[in-house]
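Next up: some structures, all given as structure tokens.
Consider the two complexes below, in which subunit A is the common component and subunit B and subunit C are the respective partners.
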Partner chain A sequence: MNNPILRFFSSVRLTVACLVLGCILVFWGTVAQVHLGLYKAQNEFFRSFFIYGQAGDLKVPIFPGGYLIGSVLLLNLLVAHARYYKPGKRKIGIILIHFGIVLLLVGQMLTDALSIESQMHLRIGETRNFSEADRAFELAVIDTSGKDTDQVVAIPARRLAHSDEFTDPKLLPFTLRIKTYYANSSLMEQPMAGYEKPKITAGLGSNVYWREMPRETEMNRVDVPSALIEIATPHGSPGTFLVSGFVERPQAFQLDGRTYQMILRPQRFYKPFSIHLVEFHHDVYPGTDIPKNFSSRVRLQNLQTKEDREVLIYMNNPLRYGGETFYQASYDPDDGGSVLQDVRNPGWLTPYFSCVLVAVGLVWQFLSSLIPFLKRRAA
Partner chain B sequence: MKKFIPIVLAVLMLGWVLSGMVQKSEAGFHFREFGKLPILSGGRYKPFDALARTSLLQIRTRQSVSWKENGHWKTMSATEWLVEVMMKPFDADDRPIFRIDNNEVLALLKLPDNQKYFSFRQIMPGLDEINRQAERIEGIEAAKRTVFETQLMKLDEALNLYQRLQVTLKPPATDDFAAELDAYQKNIVPGIEALKAREAGKKYDEKAFNILVNLMTGYKTVSQYALALTIPPEDPHAPPNAWQNIGTNLMQTARTGEINPAAKDYAAMVTAYRADAPADFNQAVTAYRVWLADRYTPQLHKASLEFFFSNFEPFYKAMVIYILALVAALIYLLFPAEWLRKSAFYWVLLALVIHTIGIAFRVYLEGRPPVTNLYSSAVFIGWAIVVLSLVLEKIYPIGIGLLAGSCAGFSTQIIAHHLGVGGDTMEMMRAVLDTNFWLTTHVLSVTLGYASTFLAGLLAIVYIAMGLFTKRLAEPWDTGTKLGKIEIGKVMAKMVYGIICFATLFSFTGTVLGGIWADQSWGRFWGWDPKENGALLIVLWNAMILHARWGGLVRDRGLMNLAIVGNIVTSWSWFGVNMLGIGLHSYGFTDAAFRWLMIFVGSQVAIIIVGLTPLDKWRSFQKAGGSAAAKP
Partner chain C sequence: MAVAVATLVLVAGCRRDEVQVYRLAKDQTPTEIPTMNTGALPPGHPDVAAGQESAAPLTWKTPAGWTEVPATELRVASFKVNKDGKMVDVSVIPLAGMAGTDEANVNRWRGQVGLSAVSADDLHKSGETVDVGGQPAQLYDITGTNPASGEKLRIVAVIQHRPDSTWFFKMTGDAELGEQQKPSFLEFLKSLKFSAAPAAQAGMPATLPPNHPAIGDMTAPPAGGPVSHEGQPGWQVPAGWQEIAGGQFLVAKFIIAANGAQAAVNVSSSAGDGGGLAPNITRWRGQLGLPPTDDFSATQIDVDGGKGQRVDLEGTTAGKPAKMVAVIVPREGQAWFYKLMGDPKVVDSQKDAFIKFVQSAKY
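Presenting the complex of A and B:
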């Protein structure tokens, strides 16, 4: 094994270098959150191969990012094991530790790639079979002409930023022309400084003024998009509408004897089951405002599997169902509604296994040094 | 002869500790007995004494009040002070309790800057100005406020707390509360009749109506602003949220018609205190305790226990003993007499026992595992470091473990004291934290990780100091035990290495357990939150030290310097991340805390730089004649 590349990738110096770089990255990425916000810092520092700086007009990589350091560490681990593997009782500890870490890293990368988080906001007595994305919006065009069913065509809002028009005769008998799209916007009913009057011909009245806003960076603030969309057909247009995340009611129009609704709303994830909020409790310690517990009693109904049961969701006790997990996340200020966080994460079990593996490995490894040491002392 | 010195010294110390438990009987007002009365405040049952101490700590940063009168110093215990505030608020306004350090605040209030403590009366002229400023500052995010703004808000909160305490037990205008309650009782029926008649538009008894309205107005003020629920329901089986403050309780009496005996007893205390009649006061306190004993024994018992704990001050006592042990351990370094080492050992052991008793008290009183907030984390970290140090001392009886343990024991107590100034250290746990399982597994594990990383760093500092300035590190040292002759430098390297292994295990497990808790609570294992990142840093750093050592990249001196960096990393993780003002774990922190953190980090960097001195310049590694010894 004299190949210099293999020697490099199996060396402990590489491990130490990666760990040191990792420390610098974690520290820098933490401090950066103060002015970048958690979301942006996460993406720039940890979910990337490089951190970029500006050299004039060019983006220049100046430091390895989380994915790069993680991958090199993973590679280093695997190559070192392939090179140095010697069976033996003493080695079991190290193998367990490293395998556990591999499992953790791979599991987290899977989570990054595959996990989807959304929210379900229910007022007491309300039933929903969908959850809504935190940050992503969709343009929903709904054909409400049918007696029993509606046809919904949903376009993710970020696609509105890149395309000027949407035409798909299989889905919609008209073209959607995106005249203007603001990823983050602000709407007013009065003409304020900086706001313009959008050229609406249908839908909202004339008391609407809008402007583009800079993207949000704070953890608890979200971009709210707006768009000016013209419905175009070969023989005329029902109008140009302003849709916005701020406008919660759909706007209707008619075309060729069919009725449609259009709305820009948080992206929906429909489920084969529904959740009904029976009760919500916000317990405080007597005589104070300090929250003691939040709990939602919900009714889970799945028409396909004929399930119909009540479940209590509360702090540190989520509902795991259908490959998704529902957590007690938040509540309405009047205590009349509950917000459940809905997470679909196929890799959720990996940290549990990893923790056990690494802990056992560490204990094994250290005991195998400690016990001979104590025996020598006793002799 | 010398064999007995350690035992004698230990017994003397124990004697000092026990003497603190003896209490002189009180002449005059039995403030201690009043202090033991149970109330419901901040969501938990506690003795009045606890409310007094935490309020005074918040306002004055001390648990007692002292001032100079006619050239003599006078002091008041926390409970004495609280009784005056609640029952004779006009007199209490003269006590110098509000601590103001910031010059801009002092200038705003036109107060002299050569004093630290001011009375309410001195501050009164500036109250309007403070309110105006506070309204403005409230709109600014805590992390973005200037020092002046933060200090002003602190003063505003202290003033708020004080004024609410003043109306916790009696309405503002009331003097003879007992007589007032008698009048109230007699007037309830005619007063309610008059009220109903007035509302129906009929003729009504104006006098009865006016009496009722006047009294009710006073009780309403108390009802809205009192800070403690002092009146238990007459039925002991009622739920805890049936406890009421005296204002709410008296207002409700209008419906029930009979005044609660507890209210009558408290009113009697107020009357007696205001009339300067200690015997009547003490009688009312005793009568109330008897009434409670029939119905609320568990609350009485717990309140008495907490009272005893607060007065015994186990952590303060442990701290004093740690300091003495530290002095002994330092002297032992220079004059290695075995009786000195044994004395220090027994002292550290005694301090640890008291320290443990203190933690056990808190666990019992709170019904929680030992670490529930920053204050208790500091107390526990000190405890863990001392335990590990004593184990090290047992294995290697060379005084180094004692040095590290006593130093850490007393400094963590000082840190804890400063962390405890903000309020009730036994506060209730917020909803997501309301889980003893995770508090025991994740929190304790991470805290043990902090403690052991600090211990490794502390030992490293001792190594560098001893190596540079003494000859002891490389000289063979006869321990006089089975261990025989050892080289202190080599032994310390083994200690540090072993402790870092321990630290890696607990910080890794603790961090992953934290992730699992987050997964159970919020649906994501890892969010790159500052506190999570801080914990990850400790794991990465400790793992790096181990790999560097295994790979032969560092030897003893390098190991020590890396361990000292571990101190910086841990202090960042424990405190630094909380100061960023962002993330799920952010707290508001004073500038003083930030300054101390920077001083600490600076000191560690300085030691590392000093530790980088070429080894042949170290006093320990120089052979006689100046030629360098073999490098370790």
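Presenting the complex of A and C:
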């Protein structure tokens, strides 16, 4: 194997270099998190191929990001394995170890790509069949003309940030023109310094002022977007609306004999089943305020599979159902409601498998050296 | 293979931007905002004047002399009171999420009546707890002058943090009429009934849950509990001190209970010098029912990185005897306030532990 490229990608030096870069990246990212905020630091440092810096007007890559280091490590492991592989009983251990690590890396990449986390906030007595994203918003355009059902077209707010308009005749008989989009915003009823009056022609009306706000960096604060959107059709427009994550009520308009509602809300994930909060308990150690246990008794109903059962969800005892896991995450300060964290992660088992593989591989490798050694000594 | 995974990651990222389309059975959608073009309410809109329908998310009892005006724009309810040519306007506005800190909002209202901003600490003291729909809320009574017209203007504002949103109840207008109408305003707030949220109510919790796991991370679920340690210096908490949620303005709060009596330790910080020794001593004396004095002496104690100012005071709160030990720790650009206050016996027994606690704080 004299190909210099293959030699490079299979070298141990590359492994060491990647690990060192990885250490630097973790340290730098941890420190950067202080002023960037957890979410932004994660995205910029770890969920990226490069970390970019500014050189005048250009964005230049200045350091490899998490994806790049991870990918190179994975490639390095695979190429080195291919280069040095010699079949043999003694080598089974090494193969298992390597495969375990490959599975770990691949599993984590899949988790990052595919997992979705959301929340279900239920007041006692409330039933919900959807969960909401923590930070992602969506513009829901709902056709309410039907007698029994509504048709929802949910456009992720990220798309509003990147495009000037949204047109899809298959979904909506009109074009949404995004005149202005603020990823983080503030709304006021009175004119204040820095606030402008958006050119609204329908919906919220004249006593609203808005401004763009800098993105939130603190962990427990979230960006709340607002946007000025015009509904455009070839023969006129029902108006230009201000939609905002702050406004919980939808705004309605009519077009061609159909009625629609529009609302900017946290992204919703609807499920084929519903969860009803029967009871919520916040237990404290007697005589103190120290929390002992949080538990939610919920009723899980799935009309399609005819399931209807009660489940107790409490700390370290989540509900696993329908490919999703519901954890007891938080609660309302008046103890009248519970917040469940809903995690959908198809790759959740990979770390367990990879740990087992690596452990077995290590034991095998150790034994395959130990046993001959002991035999030689006995001889 | 690495290339394949990398491609999958990119593709999945694009998938997150995909538009979702689905059909839902009709549920109770929240009351729509009336369209601006028509003066009348859109057809099918619940009668606003009634406000008593069980389907409406909010019901109340309208006080005598208050004229209800149609809810529009951001307002869920809106009233006007006219007497002898004077006027006040009452609004109820819910905003999803946190909608700014209480300090930011109150200082904004103070600015509207030509008053200067106050610090978070002073704000906490000036707020009055009132009942809104059976739950506590903070009331701020602000009187000043309208910078534009020179008229005396009063804003009585109540902020209530509800699970999904922050509700603002404001009575704005002529200062005297506002004073007159304040009891009616308080009655109105008590009469509010928030019905159980229907399935369709959107909105996010007022804060993300504590110990929120990183997005995409697979770590074990969080332990739960309202105490957040964000922004706290590293310190050693003495035995017997229970930390509870500090709320908006405190960095930390501890309760010490012994033999049926209790004391509390509040830790807060302010930008700059936090006002300096004199105004804070005056404020603390006020909290113990003591008159202001000219004596602003304090004992200097050693703390991490310098010296702190310690003040010992004795007085009464709510008719009962109380003691206080307060320490100001000035640091570059920020001042930290530590206050032990409560039952005299508990304070006496905890004094030394408190000073040790203050000294153990590393910033």
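The rule we apply is simple: the second predicted complex is superposed on the first by the 324 of 379 C-alpha atoms of A that agree within 3 Å, B and C clash if a C-alpha of one lies under 4 Å from a C-alpha of the other, contacts with A are read in each partner's own complex, and residues count from 1 in each chain.
One rule holds for everything that comes next: contacts are C-beta pairs under 8 Å (C-beta built on N, C-alpha and C of every residue); 3 or more make two chains touch, one makes a residue touch a chain.
Quick caveat: nothing in here was measured; it's all calculated off a predicted structure.
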Original post:
Clash or fit: subunit B and subunit C on subunit A?
Top reply: clash
Subject >> First (subunit B), second (subunit C), both or neither touched by A:Leu187 >> reply: second
**OP:** With the two complexes superposed on chain A, say which partner A:Leu176 touches: subunit B (first), subunit C (second), both, or neither.
**Re:** neither
**OP:** Quick one: classify A:Met315 as touching subunit B (first), subunit C (second), both or neither.
**Re:** both
**OP:** Check whether A:Lys292 is in contact with subunit B, with subunit C, with both or with neither, and answer first, second, both or neither.
**Re:** first
Original post:
Who contacts more of subunit A, subunit B or subunit C?
Top reply: C
Original post:
Can A:Thr111 be said to touch subunit B (first), subunit C (second), both, or neither?
Top reply: both
Original post:
Should A:Val222 be classified as contacting the first partner (subunit B), the second (subunit C), both, or neither?
Top reply: second
Original post:
Which of the two partners, first being subunit B and second being subunit C, lies in contact with A:Val20: first, second, both, or neither?
Top reply: first
Original post:
In the superposed arrangement, which partner chain does A:Ala329 touch: subunit B (first), subunit C (second), both, or neither?
Top reply: both
**OP:** Could you tell me if A:Cys355 is touching subunit B, subunit C, both of them or neither one (first, second, both, neither)?
**Re:** first
Subject >> Part of subunit C, among the options 170-178, 296-304 or 314-322, whose backbone runs into subunit B after overlay >> reply: 296-304
Subject >> subunit A residues contacted in one complex by subunit B, in the other by subunit C >> reply: 38, 42, 111, 115, 117, 219, 288, 290-291, 294, 315-316, 318, 327, 329, 341, 343, 345, 348, 351
Original post:
Considering the complex alone, what residue numbers of subunit A touch subunit B?
Top reply: 11-13, 15-16, 19-20, 22-23, 26-27, 29-31, 33-34, 38, 41-42, 45-46, 104, 108, 111, 115, 117, 219, 284-288, 290-294, 315-318, 325, 327, 329, 341-343, 345, 348, 351-352, 354-355, 358-359, 362-363, 366, 369-370, 377
Original post:
Can you name the residues of subunit B that touch subunit A in the complex?
Top reply: 40-44, 229, 239-241, 243, 245, 395, 427-428, 430-432, 434-435, 438, 482-483, 498, 501-502, 504-505, 508-509, 512-513, 515-517, 519-530, 533-534, 536-537, 540-541, 543-544, 547-548, 550-551, 553, 569, 572, 577, 580-583
Original post:
Which subunit A residues qualify as touching subunit C in the complex?
Top reply: 38-39, 42, 47, 67, 71-72, 74-75, 78, 106, 109-115, 117, 119, 121, 123, 125-129, 132, 134-136, 138, 142, 144, 146-156, 158-159, 168, 171, 186-187, 189-190, 192, 200-208, 218-222, 224, 239, 245-253, 261, 263, 265-266, 268, 270, 288-291, 294, 315-316, 318, 327-334, 336-337, 339, 341, 343, 345, 348, 351
**OP:** Spell out the residues on subunit C that touch subunit A in their complex, using ranges where they run on.
**Re:** 1-3, 5-6, 8-9, 11-13, 16-26, 29-33, 35-37, 42, 72-75, 91, 93-100, 108, 111-112, 135, 161, 163-165, 196-197, 199, 201-205, 207-210, 212-216, 218, 220-226, 228, 230, 242, 244, 255
